[in-house]
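Read the structure below first, then the notes.
Note that the chains are named A, B and C in the order they appear, and that numbering of residues resets to 1 at the start of each chain.
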């Protein structure tokens, strides 16, 4: 599990007790959640969720099945409106934003159960991501005004550029639904990146990938962070990936954070070992 | 979805075939070598093509089942008739081309406005509930049109609701509908309207807005997560379709001598839906072929006399059964490789 | 008094809608399809009763029984021939097929019985009740309709909640695949659903034509659409919902026609439907669904 660490920057405490990468100390944290929570009926699905993420931090959200990880993503992307607490994106309160607003503000995500636009081509999927980045109106489109051609060309070029991150430019004309599973997951990441996010949420990006593909994915995630200078929060069950690329890890159980810290701290944390990692170590031994 | 190149070819072929057909038919009309029945059907065919293509924008491209499309046609038809009558009686506008143009534009505008008003509540609903509300609006429009009286006196239009005592020349007479309409629609106008509709719908589909509409159809949640305002784009498709249906209505209404409000009933909405489904959900050229064929077909089946509509019903069921039969589907796929309808699977999911 | 009499008539008309709506809602609950031909099964049922009484001079119970049998057979046949092959198809394909079936039934009836309206015989043939010293006159048909509706509702609720088949129906409507894995014969269950809905359609045909004695091939279509509306109004898929929706719709229609405008009766009914759906997007008793992300 300690085999392939890719982190270089030491982690330093942040004023509130959270940790962020040292290189991000000069900039406003990209995400600050305080006491975030949501109830479904009487059930506190997520409660007292406090997190601070640095501008270029890669963080992991782990926990057993049903711990509320995806619910946290749904709160961050405003699929659900939180019952309690506040969220700040680069110091701006997200108030009662809708999903659409949250994306426009800079949060993009992928989905655990892939949600591509299956009947559209790969390129069109990415172009949907570029919807709010390269714009022109309905009438320019119908009347084929000069700005239509200009914007379409720009969308095409940027879409191919983004697809090239995963060497997928050659697939641009294929139906998204016909891609193999791994490629669909990668396309979802590209599509999310196309919305020019400040914070990228990846929901089980390595699910269904073989070890070789996972290795590649780890390289790509760090490369995306370096290239776009964005923060990435990921949910993942593959501990190899989490421990390998995440700088800060947050462990969730029954909707509450039971531990936070660097991979080393998390691996030593007795509560985590008991709730989660302990079983895995036994299984591996 | 087809690749870009295939799409360009399909569109070019569609435009080309339509223009060629128009030229051939015009020559035939001038030679008088066309049958009377076919000639009389040319304008209705154009109207139904526009209806089918515009409904396909809602059902196929935007993925919402609408069962009240004839309502917008009704609004467009009666608006067009009133505007045309007003221009003729009030302003002495004898130029039929200009009058037709203005009437069609007005029909489209008014139907578009109603489309927006109806779309706001309707598009908040989903699936079958949305469908039933469009049905309800269609029935309300039919019912209300039955009670509207309009007359023109000088340059003034008078409107009465459940009140037929209006001064001047009566244009709309409640349940009797529009009587003594000056039929001014021409086949050329119909053809131009079809082409305009095609340009609007095909260009819209292949643009930023069109992709947003299809994204909202394919996966609502993902589209929202990509920053796409679902309501805005559903609305765009719905209102555009309503306006086009209004124009089709004006063309249709101004080709008849009389027109009753009950003409635009639920059955007409369903007929247009049949064109769309048989032509292929989301398949625009398919809608054109189906609308044309199914408008001519009942006339062609006239020799069957009383068995005509029965034959139509059986044909409809058989086509649906065969086109959804896995064996037939496989055979089809083997014959025409790489062909796939785009919207159909989205609706299934 | 006039109001009370209107109200009773409304409940009576609503009861007919409710019985028809049951057919829509049960089929929707189990097969997830809008059976647009249902309204026309009512028409066929009514014609059979008409023939049995008028041509074959059969007594009333026998006529009704024959009509119910024919309707049931018709319902099952339609399902087997037209809908069953389309179970994997899109809902739109099924909808269009159902519409085709509706045209088929109407035009077959047109060929057999002609376009001229037939005057439906006065089968129920019972007197009226006058209350409050003759101020309130309630027709026998009206009372019978309401009574029959109550009996059907109670019987159906018991059947669905108590019987083996009822349980199977609830299973299939919840999850077809899981029901099949639990050993429930899905095909039989769907057939039974169509059978019950169609038998009720014959009853509805009798009641409808007893109150409105003009019988034509298109007799079933408008009540069909209204009953479908009622089913959605109450929350499609829900049996108490269909009852509630049907009765409310009938009352709104009669009261609307009496106090607002005769010409706008239908518009009022549909306007109320729209308002209800905007406030409760899944109908009065429908369960809201939340999509899992």
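Rule of thumb we're sticking to: contacts are C-beta pairs under 8 Å (C-beta built on N, C-alpha and C of every residue); 3 or more make two chains touch, one makes a residue touch a chain.
Just so we're clear, the structure is a prediction, and the values are computed from it rather than from any experiment.
Trainee: Centre-to-centre on C-alpha atoms, which chain is most distant from chain B?
Mentor: So the farthest one, by centre of C-alpha atoms, is A.
Trainee: Grab the C-alpha centre of each chain and report whichever is closest to the global C-alpha centre.
Mentor: B
Trainee: Averaged over CA atoms, how far is the centre of chain A from the centre of chain C? Could you give it in whole Å?
Mentor: Centre-to-centre distance between chain A and chain C: 51 Å.
Trainee: On a C-alpha centroid basis, what's the spacing between chain B and chain C, in Å?
Mentor: Each chain reduced to its C-alpha mean, chain B and chain C end up 31 Å apart.
Trainee: Return the distance between the CA-based centres of chain A and chain B, expressed in whole Å.
Mentor: 44
Trainee: List, in ascending order, every residue of chain A touching at least 2 other chains.
Mentor: 79, 111 - these are the residues of chain A that touch more than one other chain.
Trainee: If I count partner chains per residue in chain C, which residues reach a count of at least 2?
Mentor: Residues 293 of chain C each touch two or more of the other chains.
Trainee: Give me the residue numbers in chain B that touch at least two other chains, ranges are fine.
Mentor: Those would be 221.
Trainee: Please output the residues of chain B touching chain C within their complex, sorted ascending.
Mentor: Listed in rising order, the residues of chain B that touch chain C are 59, 65, 121, 124-126, 128-129, 132-133, 135-137, 139-140, 143-144, 146-147, 162, 220-221, 266, 270, 273-274, 277-278, 281, 306-307, 309-310, 312-314, 316-317, 320-321, 323-326, 344, 347-348.
Trainee: Provide the residue numbers of chain A that touch chain B in the complex, in ascending order.
Mentor: 77, 79, 98-100, 103-104, 108-109, 111, 115-121, 124, 127-129, 131-132, 134-138, 141-144, 148, 151-152, 155, 173, 175, 177, 191-192, 195
Trainee: Inside the complex, what are the residues of chain C that reach chain B?
Mentor: Result: residues 28, 34, 82, 85-86, 88-93, 95-97, 99-101, 103-104, 106-108, 110-111, 225, 228-229, 232, 236, 261, 263-264, 266-267, 270-271, 273-274, 277-278, 281-283, 291, 293 of chain C touch chain B.
Trainee: Can you check the complex and tell me which residues of chain B touch chain A?
Mentor: 1, 3-4, 199-200, 203-204, 207-212, 214-215, 218-219, 221-230, 236, 340, 342-343, 345-346
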